[in-house]
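For clarity, chains are labelled A, B, C and D in written order, and residue numbers in each chain start from 1.
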């Protein structure tokens, strides 16, 4: 039953805030709902840990296994910390007059709806509903991206809407083909799209249909993952939206989209019996990593730069999933977690930094370590973590990915080496002067909410040195589930 | 025997859909585009209904109804008002000129048919042969989104694509499970609503719906 | 062993005492060749005595290093002289330092001289130091190469054993040693500050190397350095003899050969000195920046010697 | 090892990582007393120094103890940290402990009166750095190794950028971290090849893995690249002359003296321990690169005018020599000449140890100078031997040692290496017989140039007239600084005077790697590597003789004559007005070298024109590789990124075309 709480709370939160979101304490209420969601998710997780995978609802509308349960927890957790962060952040935005109460109401309610949609996407067992909720998540965030109503933000939102809409339409076509293949085995009707049922009979599904279906699904959901060359909406949306939105977009939405791809990949692998899907994903992943690395190099806007770095990391994860095998899948799942935590932490720090400097241009941000050491160190450590420097957890997964790649597909590693090198040089070379050095800016007036930053980084650090057994257990089960 | 008769009608409607898609591709004026879109919706609804009647798949009636309400009545009306209100019925030269677009369109259709051929052979439905047409509609709509330069035309292209998808669903497998149909419909509704808000925002910011104002965000 | 030690000390003292004599002999030959009336052959001894009697004059802010250097240099040269077999072949010291160590000793002395020269901070001092190091950075490896050729032949870096092999085994012609010999000649000319690399008798700013370094020295310090210089010349000659015409050096523990050895030594030294002065007389001082080329040639010849050895003699 | 010793040292490795833990505790403790600079310097650093001493002790025991291993409960799920302490690790542990003890003692005095922000973080990084290096030596699986490796790099980066207000220092730090990271990724790939594929990253499984020569060579090349980037192997050396001067002197000392050696350690570990096939041409390659690096480094050291930069370049030279020794070892080893391999390996380890001591000594020496004068440019220094005699004389020891002069330690390792060249005849590949003489010649040349460099360094900084009146107020180094320097200088002397003992200590390491040991044919005071017939060297006798002769001469001169001294102005050929500007500057002293080797460097001169009011002449010799290699790479990268940027030109139609094209392409691709 926890599942209904997990989905219901944010939904209720969305409605509640839509009605009473103009109140003074809306941010706190927002955080409260997120907290409740987190609690519910924790309970659910505990239940799964205790009882193993389970199906809920009629013929099993919801299905929770080790793969999605940790994503649920992750989502709820990051959603909560982001809400904490956005509480003071949005207040200050309001003081700066960039927002008014009504927009804040819109922001808060869409935020909750967005969370609800993602949780639904994660927990549903029905590939159709999965599609529906992905679309819903998109729609919920479109208006968040254009929250500031600046021309740039509108443009970004428009591109986001159209590109993701078209992409998601491809995904729908893929889903239709999937259903088309499924109903011949499972008979028509609702159950034919239930992932568990499909997974049961995946060997009998029609290969030719499924490979077409996978192409459409990959292109469709891949657009939301931000795989090159379908990624073009991503940097704009991240750069122009409010920072908390950027944080959840790259911290959560991309994961969920990739989750959808993986669910379909399992089926396709089963049906085709070759690694066509894997190869496609490796290709996409590699392309994204390299392209993103070189695009990072020319960024001047800090949020845009980190958006590209998200593309890079998503590419890396996709590549790892494409390689398959227990180690690579494990690494990919680990990297998903690490990237969400680290990247959102970075966006928190960046948010305060930009708010302080009054610009997102990196030339305008200097000597943070002087104006506000905690923000400075937060950004510095976050950057170091995201660049895959130990002892932070991102390194752990990159270690596994690269070594496995070197062993299984040596041809790919020169590209990885190149891309990682370029990305490191670009990002670090741009962040270092932002953190170190002299500056004229006065010290930060208000006390920033940096607890989330350091909670995240602390977690990442811990996971780099020690992964709790049960967590490792999840990862392992999930890796098994994803086939290897 | 009657089945074949219905089948012929459905095929006819399918052909009509394809024709309308081409027409939309070549249509310059937005009002005309909206009308064509409405017609396309009507054809879709009709064919869905016939399939439902002939095969006794009752849930298809719902989707036919949804289509009728949303895509034939609600949205066209909405777009009419929008176009009138924002007064954006001016003609814009598409990125690629019309004849070329047509040629590309024909190539796409052939491609789509080839693609759909193996699938429709294994399909059990009476309407399998129309799957290729559905796919063609999707691709043509995509092409239209690429070539047009106005926000509204792009959105209409997007919705035309959804029509194609619905048609594919119906023809390939008598539609999706009802839940999904509902969900999709809901999404489309919300989507259009959001778009509405959007258009006004864009309009009041750029006082035009021309996409050429929205090319600022790029790598310079 | 005790006899060995006695012999060792005797030989070292002999070297120390004979060194100025060699210097005097070279000057004398030179004078004759230049048609001057020669100073007496004992002139260097007189100079030394005179210098030792004088009061030392030292620059105001010369550091202890400045006064320490001459003793250091003298000690190094003495040790070097002790290692090289001049008359007899069993030297208890020689295991303490083989040819490589010998090069090390020369380098040690040179570094101290250069540092002392820079200590007073005069323009000439640092100029001399720089030029000295310039000469040495090519001469030192070249010398090493010469030694390597010899020790590759004799399978040892111990001078006595080298001499043993070259002198007291059956006579073989080693082409590599020919290269080594030429190289060694050039090196010793450079290292002992003789024409054509340097001119011991001039204080001309443009040309002087060695003299520029010891300008600030006077009295006993100068005497020690001059003596060390003489000793160096002696050691080099002894080295040349040991490497290229070792015949006559007494073998392990036959004392009957000693008198003959002494005679042979004197004869060879005299000859060597004469040849040296003759070469000086007929050649002209080269420009300073030719010096690296000169020594580069020596270095090259040394390496060639080694290569030849690997080609023909392995 | 015998059972008895097995029972004797049950869990040595535990002691080692306990030491690391102790350092971490110290470091994080320092964060708590962030601002009490006095307490930090006079309490935490001494404690850290004790830790270093303890490490050295553990290492000394570990040399003779049997290998001991432990598994820590941290790391990846299937890959907890494996730690192992065998002879090789133990040796480098001794090196680390010995050098860093002196440096840390010195640091007490140095950081006490260093003007900088709060010290707490610095202390933390310092101890993290030490701990990281130790963990690198102990690591027994790829993950632990890489984590420690990068922690080491990261903490040293933060130490380098201590003074991050200065843009050049930021640039240096960036360059350093970048090259370190690229090297680290190369190492990742190397380990990726070494691992068996079934996700087992322990070194044990790697030792067992069978490899084809091709992949083995790939591993070796990657290792050479990765570790070379850290060691400062040409052409990956560019970070070194930037980062070393930027860092605070004790840190420079640690980086140059110890950190570079961890790279050597890694190279030895991978090549001789993890790989179970070695190929001859590897050795030739390493030898060639090593000699190139040595000559390149020393030539550039000779033309530097910043004292710490000069030392950094000389570090490159020494690394080159070590690598040459490494290459030679490989050649002999693959050629089945175990004894020779043992000899060169001994030379290698010995030189690594020596370099740790004398380079550490020299760097801390410059640190004291920096303190006393606030000046790094040699052109502004001079005559310091009068104002800071302790520093000067102790530095002199280091300078003589690094110049490879007997009887100090630098000479011993050089001697051993040259012996190896002499014992070569009869290698199976004839071309090697041709290579050897040339190699020997270049080693000798490098050594001689090193002497040149050191005369320049010491002469210009400590001798002569002060080139700046302010120098007259230069103060002598504080006592902790002196103690640190004394420790290091003593190390140089003892390592030089007792080679036989040192080589006995090295024996287990050599046996571990090359299977043979170096037999010392001599007695306790004589070193005779192969046989006393072939070669021998007895530094103690040497030293004694020199000392005795020196004393005798002194006494004799004083006895027979007199000790009268008159002070006067320097004579200088009677030139009347002398001043400090007439001495050779650093540039002047290096000028001959620059003239001879100008083709290697890009010389930028600023000549005064005849009508200049205040004519000044400057010349800087820059590293040509930077312009030939690095700048083109940078340009290429930005060109590519420009091309990539073109794809993203803001028109939504184009974006749609991209996804449309992708879709079509994939459809064609899968249905073809």
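By our rule, a residue touches a chain if its C-beta (ideal position, glycine included) is under 8 Å from a C-beta of that chain, and two chains touch if they have at least 3 such contacts.
Worth saying up front: this structure is predicted, and the values here are computed from it rather than measured.
A.B. asks: Which pairing of chains accounts for the highest number of C-beta contacts?
C.D. replies: Counting C-beta pairs in contact for each chain pair, the top pair is C-D.
A.B. asks: Where the centre means the average of the CA atoms, what chain is farthest from chain B?
C.D. replies: If we average the C-alpha coordinates per chain, C ends up farthest from chain B.
A.B. asks: I'd like the Å distance between the centres of chain A and chain B, where a centre is the mean of that chain's Cα atoms.
C.D. replies: Whole-Å distance between the two chain centres: 31.
A.B. asks: Taking the mean of the CA coordinates per chain, how far is chain B from chain D in Å?
C.D. replies: 70
A.B. asks: State, to the nearest whole Å, the distance from the C-alpha centre of chain B to the C-alpha centre of chain C.
C.D. replies: About 101 Å, centre to centre.
A.B. asks: Determine the centre-to-centre distance between chain C and chain D, using the mean Cα coordinates as centres, and give it in whole Å.
C.D. replies: Chain centroid spacing, chain C to chain D, equals 36 Å.
A.B. asks: Chain C: which residues touch two or more other chains?
C.D. replies: In chain C, no residue touches at least two other chains, as defined above.
A.B. asks: When you check chain A against every other chain, which residues touch at least two of them?
C.D. replies: Within chain A, residues 158-159, 162, 166, 208, 212, 235, 295, 298 contact more than one other chain.
A.B. asks: Send over the residues of chain D in touch with two or more other chains.
C.D. replies: In chain D, the residues touching two or more other chains are 644-645, 647-648, 652, 656, 663, 667, 671.
A.B. asks: Kindly provide every pair of chains that touch.
C.D. replies: Pairs of chains that touch one another: A-B, A-D, B-D, C-D.
A.B. asks: Which positions of chain D touch chain A when the two form their complex?
C.D. replies: These residues of chain D touch chain A: 73-77, 142-143, 146-147, 150-151, 153-154, 161, 164-165, 167, 170, 173-174, 177-178, 181-182, 185-186, 188-189, 191-193, 195, 197, 199, 201, 637-638, 640-642, 644-645, 647-648, 652, 655-656, 658-659, 662-663, 666-667, 670-671.
A.B. asks: How about chain D: which of its residues touch chain B in the complex?
C.D. replies: Its residues touching chain B are 644-653, 656-657, 660, 663-664, 667, 671.
A.B. asks: Using the touch definition up top, name the residues of chain B that touch chain A in the complex.
C.D. replies: The touching residues are 115, 118-119, 122-124, 135, 138, 142, 145, 151, 154, 158, 161-162, 165, 168-169, 172-174, 176-180, 183-184, 186-187, 190-191, 194-195, 197-198, 201-202, 205-206, 213-217, 219.
A.B. asks: Can you check the complex and tell me which residues of chain C touch chain D?
C.D. replies: Of all residues in chain C, those touching chain D are 52-53, 55-63, 65, 71-72, 74-76, 78-79, 82, 93, 95-98, 100-101, 104-105, 107-108, 110-111, 114-115, 118-127, 129-131, 133-134, 136-138, 140-141, 144-145, 148, 151-152, 155-158, 161, 203, 205, 215-216, 220, 224, 289, 292, 299, 302-303, 306-307, 310, 314.
A.B. asks: Going by the contact rule set out above, which residues of chain A touch chain D in the complex?
C.D. replies: Going by the criterion above, the answer is residues 158-159, 162-163, 166-167, 170, 208, 211-212, 214-216, 218-219, 223, 229-230, 232-233, 235, 276, 280, 291, 294-295, 297-298, 326-327, 369, 384, 387, 389-391, 395-396, 398-400, 402-408, 410, 413, 417, 420-422, 424-425, 428-429, 432-433, 436-438, 464-467, 469, 472, 475-476.
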